[in-house]
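Per-chain residue numbering starts at 1, and chain names A, B, C and D are given in the order in which the chains are listed.
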Amino acid sequence: MTEKLSRLQIAWRLAQDLEEGLVVNLGAGMPLTVSNYVPAGREVIFHSENGVLGIGPRPAAGRENPQLRNAGNQPITLLPGGSLFHHADSFTMIRGGHIDVCVLGAYEVAENGDLANWILPDSPRAPAVGGAMDLATGAKRVFVMMEHCSKEGEPKILKKCSLPLTGLACVSSIYTDMAVIDRDPDGLVVREMIAGMDLAGLQSVTGASLRLADHWRVLSAPLL
Amino acid sequence: MTEKLSRLQIAWRLAQDLEEGLVVNLGAGMPLTVSNYVPAGREVIFHSENGVLGIGPRPAAGRENPQLRNAGNQPITLLPGGSLFHHADSFTMIRGGHIDVCVLGAYEVAENGDLANWILPDSPRAPAVGGAMDLATGAKRVFVMMEHCSKEGEPKILKKCSLPLTGLACVSSIYTDMAVIDRDPDGLVVREMIAGMDLAGLQSVTGASLRLADHWRVLSAPLL
Amino acid sequence: MINKIVSSLAEAVRDIGDGSVILLGGFIDQGTPDRLLEVLAERRPRDLVIATNNPSVNGRGLAVLMQAGCVRKLICSFPRAPNSDLIEDRMRAGELELEVVPQGTLAERVRSAGAGIPGFYTRTSVGTPLAEGKEHRDFEGETYVFEAAIKGDFALINAHQADRWGNLVYSGSWRNFNPVMAMGARITIAQVREIVPAGELDPETIVTPGIFVNRVVRLED
Amino acid sequence: MINKIVSSLAEAVRDIGDGSVILLGGFIDQGTPDRLLEVLAERRPRDLVIATNNPSVNGRGLAVLMQAGCVRKLICSFPRAPNSDLIEDRMRAGELELEVVPQGTLAERVRSAGAGIPGFYTRTSVGTPLAEGKEHRDFEGETYVFEAAIKGDFALINAHQADRWGNLVYSGSWRNFNPVMAMGARITIAQVREIVPAGELDPETIVTPGIFVNRVVRLED
């Protein structure tokens, strides 16, 4: 049977791919959970666009510093080696290609790497972009983590995005509850699928053509 | 008789016009001497383009910090309130109009405020501009200090500069060994002349038309 | 003697007039200049243009100014907050103009103004609705969009410590937009938690040199 | 464990190849990366393009590299020094290309490269020989000239203290161009006087966060 990953399991799976020494920005929401699952002993430097490098574990209850929070407004700690800077320097890091990986959620990803994750045209809310466009465009690699399909069961990986874009041809890898998919110059390549899933099954819930990597593996994650 | 000012006296005279609280950049060479003559008790903040604000008196012999020097490479001290920053921030201050006054030497000044102070076309030396163009263009006011005439006795204040320019229409005031001259929308206005000098005499050593201010005064400086 | 310390919040914001462009430091509710904004709201200036990362999320500061009807236009990256109904309602009523700007573009547009740079090119937003109507240009095979500087008449910021020359240091992530906005305005006004004698801040560690700051006011405890 | 500390100068500059664009920190002889340059000169790379405020004034560092015939082009603001005969002689011999850039324009061109900005407009140099051949453009009645980013393959810099993450602090006016050049290169290499354990540098006072630094080498006493 095909057991889909939970959101935390997606975060866990993505975290395994963050190599030692990378500088990684985690988008607000679900991506922020990724930092909990970096393998012990591996140093990954987490960046927050409000001017922090080297974010450590969440502070213990009662030990929060109200003047040290991430871009999701959660209390944080700094690791030894952490540093602080202002917004223009922070986005010099982002826009200038100094961030190795950013992790973002998505409404839609296209097979050419286009990303839509900031606005639903029919929303009554004011349009809010934050740092999403800067990160999508500036980071060396953009990892998307999301459910493979929308709540209505529609594919979110598409030939072409229908929603207003966040960035062009920027997504490098997609981590979903069903698969890990990389983008190469020819399109989308499935690197991992959950147990019981085959390419035809994955293709049936995907709006863009998928190829299977030669050495694809089963996508699995511990219970979290 | 007409007693011309020495270079140090020009510096002294200029220093009297630096009001409390101004941020002032002093060009290398002769302008650096200006800081010695700010009236006691008046706080003027001296900026050096290599990343220093709040330069204090020259350090006592043997007390120099080799890692604290000005743009002329002389040892300096910092006043309480001084700060340090990098070159991009330093020229944000300059280019962004945050420097109230810069003091520069000049080969030529034109009546429209054009300044030539960086290159002699027939020099065998490599052309070297340093921060002169940034300062001439970016400072709110540019004070020129120079001898009124060249060593050959030729006027240095001209209808139009003949040398390659440093900046366009940037000079606000000129302090020479004979006069203090301001620029207004109609041209050059003599604010002070040395004792014994009259407008005709000054005009005869000046290549641009001068007007005499209504309340002009005698230019004088203590013996230095 | 140079003394940028003013004795009250009201004195600090005394000359912010109708139609002023005001840059705000702060991010979410980290290091926002709430008290300056609240005291400004008492004076009921009209038609203010506010550049800030986001609206007030705690009902303080900018929320008070907006509720007082003082704001005509908001330039920001994330115009959404617990109280952003206010923004949306006023937008629908045609009483509030909104310009959405990517966060880093906002920071750089303000820094540019402070640095005497009228605008710059960035890849950020190319291909998105936020680039529509802007000049596009290719450099080495990549497409960029031109973003114009945002110059403030005033910046209102929040800092940890100040001295009488206006030197500032911040604390933790409350630094964020504050030093950037300080660079981009004609007059920068800081609310600070502590004032120390000149010379007490280590020159090596001052983040905002006093050249960028015009007035400092200490918050009452 | 992240460890950007390398054990020798030679290892620090091991991969600087012919034709590299190298950004140098330092100003006059304040905070120049002399030892890195001298060890690089031993390897005799060819056709280097060097961006720096000025040539070596003390006969060390860049002077050694130039005397070894490694430099094809110099981008600098003040190409004059006690030893600048060398520059002028080589220029006349057609062996050295010189691009003179106003000092602040040099800093901003490099910072732009580091910030993902391909170029910017400035009033500096308009109307002078240094603006000739460059794009001019008016903004609000003022004329500006376009200056393109300078991206380095390498930056060689000088700092006071470092940790294994590459965080740097400087000392006094030896800061100058060093943090700027660190931002503008693909690989930044710092010679430092002291290495301290991670966490010993106060996060509030780090000037160059380690993200901008690839290798750190401590000078022998």
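Just a few scattered comments:
Basically, contacts are C-beta pairs under 8 Å (C-beta built on N, C-alpha and C of every residue); 3 or more make two chains touch, one makes a residue touch a chain.
Please read these numbers as outputs of a predicted model, since none were measured by experiment.
For the pair chain A and chain C, the distance between C-alpha centroids works out to 30 Å.
Each chain gets a centre from the mean of its Cα atoms; for chain C and chain D, those two points are 32 Å apart. Chain B and chain C, compared by their mean Cα positions, are separated by 35 Å.
Touching of two or more other chains is recorded for residues 84-85, 91, 94-95, 138 of chain B. Across the assembly, chain D contributes residues 108, 111, 115-117, 122-124, 170-172, 204 that each touch 2 or more other chains. Contacts between chains form some other arrangement here, matching none of path, ring, star or all-to-all. Pairs of chains meeting the touch criterion: A-C, A-D, B-C, B-D, C-D.
Those residues of chain B that touch chain C in the shared complex are 20-21, 23, 43, 45, 47, 53-54, 78-85, 89, 91-99, 138. Residues of chain B touching chain D in their complex: 48-52, 65, 67-71, 73, 76, 84-88, 90-91, 94-95, 114, 119, 124-134, 137-138, 164-168.
Touching chain B in their complex are the following residues of chain D: 27-31, 53, 57, 77-80, 84, 87-88, 91, 98, 100-105, 107-108, 110-111, 122-130, 170-180, 207.
Residues of chain D that touch chain A in their complex: 1-2, 111, 113-117, 163-165, 167, 183, 197-201, 203-204, 206, 209-212.
Chain C makes touch with chain D in their complex at residues 108, 112, 115-124, 139-140, 142, 144, 169-172, 202, 204-205.
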